[in-house]
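Next up: some structures, all given as structure tokens.
Both complexes below contain chain A, partnered by chain B and then by chain C.
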Partner chain A sequence: MNRVVVLTIKVLLWVTAVVVPCFVGMLLFFLLDKGLPVISLKLLFGDVAPVKALLLRERVFDGIFPAMAGTFLVVLLSVMWAIPMGVLSGIYVAEFAGGTVKKILDISFDVLASVPSIVIGLFGLTLAIFLHKNISHRIYPCLLISSAALAILILPYIVRTTELSIESVSLPLRLAGLSLGATKQRNLLSVILPRCSGGILSGVILATGRAAEDTAVIMLTGVVASAGIPHSLFSRFEALPFYIYYISSQYADQYELKKGFGAAIVLLIITGMLFGFAHLLKKLVARKINGFD
Partner chain B sequence: MMDCRRKAQISRAILVLSTVVTGSMALVIFLFLFRFSLPLFSSGSLGKFLSKNWDPDAGAFGVYPMIAGSACIASLAMVLAAPLGVALAVFMELYAGSRFSRFLRYFVELMSGIPTVVYGFSALFILVPLVRNTFRYGSGFCVLSASLVLALLVIPTVSLITMDRIREVPRDFVLAAGSLGASRLETLLRVQLPYAWRGVISAVVLGGGRALGDTIIALMLAGNAVSVPSSLLDSARTLTAHIALVSAADYESLSFKAIFLCGLVLFLFSMFSIVFLRVVERLKE
Partner chain C sequence: MSASAGNWKIAVENLDVFYGTRQVLKNVNVEAAEKSLTCIVGPSGCGKSTFLMAINRLIDEIPGAKAKGKIRVKLNDSHPMDVLKLGDDRLPQLRRRIGLVFQNPNVLPMSVFNNVAFPLKIMRARKKEIEEKVENALKKVSLWEEVRSRLNYPARELSGGQQQRLCLARVLAMGPEILLLDEPTSFLDERLAIKIESLLMELKKEITIVMVSHYLSQVNRLADRVYRLG
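And then the complex of A and B:
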């Protein structure tokens, strides 16, 4: 290649490599600059004593504690639905499904993974309406519906990581158990699954992060701006991402806006920790597999 | 105590059952959307719903402006994100092993973990005023603002997939190019990137799907005006934002039913993009 062309391409590559991080860095720096001074117990609990708030003795009106608790509960519930379903399906796809069935399942999970989250939220809303009309008039969009919809959102990720982790177990290792007389089930439970539990776990944590940051699904399925700590599966709830969105469109004064910045940082820290942990785990798993086989 | 075979049968049945539920989920969602937008098809008024007017009070429920809004915002985001994402991938490979390249890799992975609502919130107070003051036109809530931030959202998808696919190019090809006197850059651009063209297409299509499917950034930054945008500085509303903005007070209303048409359009698009990718990956050299 011509020297001028090479030089131009290299300059363009360097510009990209510098400009993109700078742009993101600018957005993050701005956020930290505005939000860090606000981070305090007052941001979380308002004027209520933290102990009383944590023990649910007193409701927090002026802090983001209810939103954090709501996010925690809805994510916990959704992961509880999604893990058993996702891992079992992943095992089936990797170990038992063959030929056409596997192809159909693969496409189905790919499509599910690519469905926009707002459409899944819309599905959840429709489900709530359907249940309201046909099962019980007491059912409205609520914690239960939201967590189920979030579970649908993260299902394909859990299925995929389970499937890939199981398929990455090497053939000699698989055969060793079988040749010692283990049944297929026994071999799966005692040899293959323990071997890839780290990989599955890192996938689950990544999926948890996705569930925690998603706003679109919960928006249509039961999140509200002010609800306190939810008391049952059928009550409405608050959540951090929605709180941030709500503040951005409805803030009344500078103090509320500052709380929005604080909440954004808290959400960033939560998802950042989840992603960091998942990546660390993935790296450890990769090292273990490479070092062993 | 149960014998082994019985246990195996039961565990197998549990596996099959959960797979049937999860595997049919995409189909169930499609059927729900289809069922609820069916009244629109059967009433023969589909044309009305694809018209340019959205004014529920006047009985006009056209979702065409939202389709146009989605198309504009997502395609502009991809025009930015596709070259930038691929360039980042090439850069990381070109200087693989260097400290800056490693930092960049971590940074791009970090970017993929930033919540979209955080991007939106930050951009609302820094990018929107910037756009407003730079162009001195409108409010700053426009196609351009939303696309810029969406591009940031999509870049990690494009560059991480592209990089993985560049690395999958057989080692022999790379070595052969090197032994013919090609520099590292020439090998990347003339051998590895062309060899991995399907990967690049996958990366761009999947990234495009993310851009089209994201709700919160367009909702926060594009202004949500119901009209076909005629310039980058015009406000627009995407299909996703339109669904999010529905006031679901009356589930029987036509404006609520039109929402399902938006959902159906989004679903069909993501389905076709997946099928398209399958076809592309199958193509022979």
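And then the complex of A and C:
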């Protein structure tokens, strides 16, 4: 190949490799510059003593603690819906679905992955209205509806990563278990799933991160600006992404705006911890099972 | 060759194997006598490994692969059967009795011990029995001394030669009636290869072995009968 072309490609690759970290760095710098000064216990708990807030003895009105708790609960519930459904669907598509069925399911999950989150939010809202009219008048947009809608949002990520992880297991390894007399099911449980558990885990945690940062879905299905800690699945709740959105559009003074930046840093820390946890877990599982990363 | 005459254990008649539309094996006829070692030789890519995988129907697990013809096998407690006509539900049992060792070591993503114990656990052997059989199998392939202190280590950490012997031990632990070997010494140095050859000489007194080998000298030393493919 022409030397000029090779050099051009090298420079382009180098530039693109540098541009991404630069943008991330700029974003972090901007966020830390604006939000770091307000990061304090007051941002989290307002004027309430942290212990009293954590033990739910006193309600926090002026801090982001209820939003953190709301985010935690809605994400926890949504992954509880999505993980079993997503992993099992992924296993089915990768291992058991035949030609046409597999194609239809693959297209369906791809379409679901490309549905904008606001549309899924609208679906959740419609579901809440349907349940309100037909099941019980006490059902409104709430934590349960939000978590179900978020589960639909993250489901295709979990299905696809599970499917791809399973399909990436090499043929010789698949044959190894089967050649020793394992049934297809036993081979799946004892050989294939342990081998690709790291990949599945990564998908699950990435999906969890996606659920933690989404605003459009929860905005239509149960989140409010000031609800405190939810007391039941049918309660409304607060969440960090919505708090950031709300405060950045409704702030009364510069301090309130800075609180929004502070909340964004807290959200970033939470998702960062999730990714760190995923990375650690993936390494541990890989080392324990496979003896390599 | 007719399968009706002689002390045969495996009789392959007019075997054709296709990968999609590509024919890999055409009209193969092989007969392996009971308690003997039959060697399959031939150039690379002529379908020797495919032939072995057809005998225990592992070929079924390769997407797009199809086998036609007859592969008759006499197992100890049953009448001669055509394995190509067996229902899918009987394949795991068939593969436990017709063990296959691949050319490239494919250890399972688990510890050294569990690799050898895996087929025994499938057969629901007792813990004590599993421990004994694992140790015996590892001793047979001259691996016990090298791994006895590392039984709980991941099998992936073993060297290529150790992995190859581990795979052989894993199959021997099942106690198969027929042993299919695909280049069983390709990753071993000369000293270990000779040990494994001695083991095979002992094993063929008890079980039927069908082996693919590229080494002519090895074939001459071990084989009771040689077939050329391709």
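Everything that follows uses one rule, which is that the second predicted complex is superposed on the first by the 244 of 293 C-alpha atoms of A that agree within 3 Å, B and C clash if a C-alpha of one lies under 4 Å from a C-alpha of the other, contacts with A are read in each partner's own complex, and residues count from 1 in each chain.
Basically, a contact is a pair of C-beta atoms (placed from the backbone, for glycine too) under 8 Å apart; a residue touches a chain by one contact, two chains touch by 3 or more.
Everything quoted here is computed from the prediction, not taken from an experiment.
Undergrad: Looking at A:Arg174, would you say it contacts chain B, chain C, both, or neither? Reply first, second, both or neither.
TA: second
Undergrad: Once the shared chain is lined up, is A:Thr183 touching chain B (first), chain C (second), both, or neither of them?
TA: both
Undergrad: Which partner chains sit in contact with A:Pro116 here, chain B, chain C, both or neither? Use first/second/both/neither.
TA: The first partner, chain B, only.
Undergrad: Name the chain, either chain B or chain C, that contacts more residues of chain A.
TA: Touching more residues of chain A than the other partner does is B.
Undergrad: If you stack the two complexes on chain A, which partner ends up touching A:Met85: first (chain B), second (chain C), both, or neither?
TA: So A:Met85 only meets chain B here.
Undergrad: Determine, under the contact definition given at the top, whether A:Leu233 touches first (chain B), second (chain C), both, or neither.
TA: neither
Undergrad: Thinking of the overlay built on chain A, is A:Leu164 touched by chain B (first), by chain C (second), by both, or by neither?
TA: After superposing on A, A:Leu164 lies clear of both chain B and chain C.
Undergrad: By the touch definition at the top of the document, which applies to A:Leu131: first (chain B), second (chain C), both, or neither?
TA: neither
Undergrad: Between chain B (first) and chain C (second), which, if any, makes contact with A:Thr16: first, second, both or neither?
TA: In the superposition, A:Thr16 contacts chain B only.
Undergrad: Do chain B and chain C land on any of the same chain A residues, and which?
TA: The overlap between the chain B and chain C interfaces on chain A comprises residues 183.
Undergrad: Chain C touches which residues of chain A in the complex?
TA: Listed in rising order, the residues are 171-183, 186, 190-191, 194-195, 287, 289-292.
Undergrad: Please give the residue numbers of chain C that touch chain A in the complex, ascending.
TA: 53, 56, 58, 61-62, 92-93, 95-96, 99-100, 102, 104, 106-110, 118-119, 122-123, 153-157, 167, 170-171, 174
Undergrad: Can you list the chain A residues touching chain B in their complex?
TA: The contact residues of chain A facing chain B are 1, 6, 9-10, 12-14, 16-17, 20-21, 23-24, 26-28, 30-31, 34, 84-86, 88-89, 91-93, 96-97, 104-105, 107-112, 114-123, 125-127, 129, 152, 155, 159, 183-185, 209, 212-213, 215-216, 219-220, 241, 244-245, 247-249, 260-261, 264, 267-268, 271-272, 274-275, 279.
Undergrad: For the complex, give me every residue of chain B touching chain A.
TA: Touch list, chain B to chain A: 4, 7-8, 11-12, 14-16, 18-19, 21-27, 29, 32-33, 36, 84, 87-88, 90-91, 94, 100, 104, 107, 109-127, 152, 155, 183, 185-186, 189, 206, 209, 212-216, 219-220, 240, 243-244, 248, 251, 259-260, 263, 266-267, 270-271, 273-275, 278.
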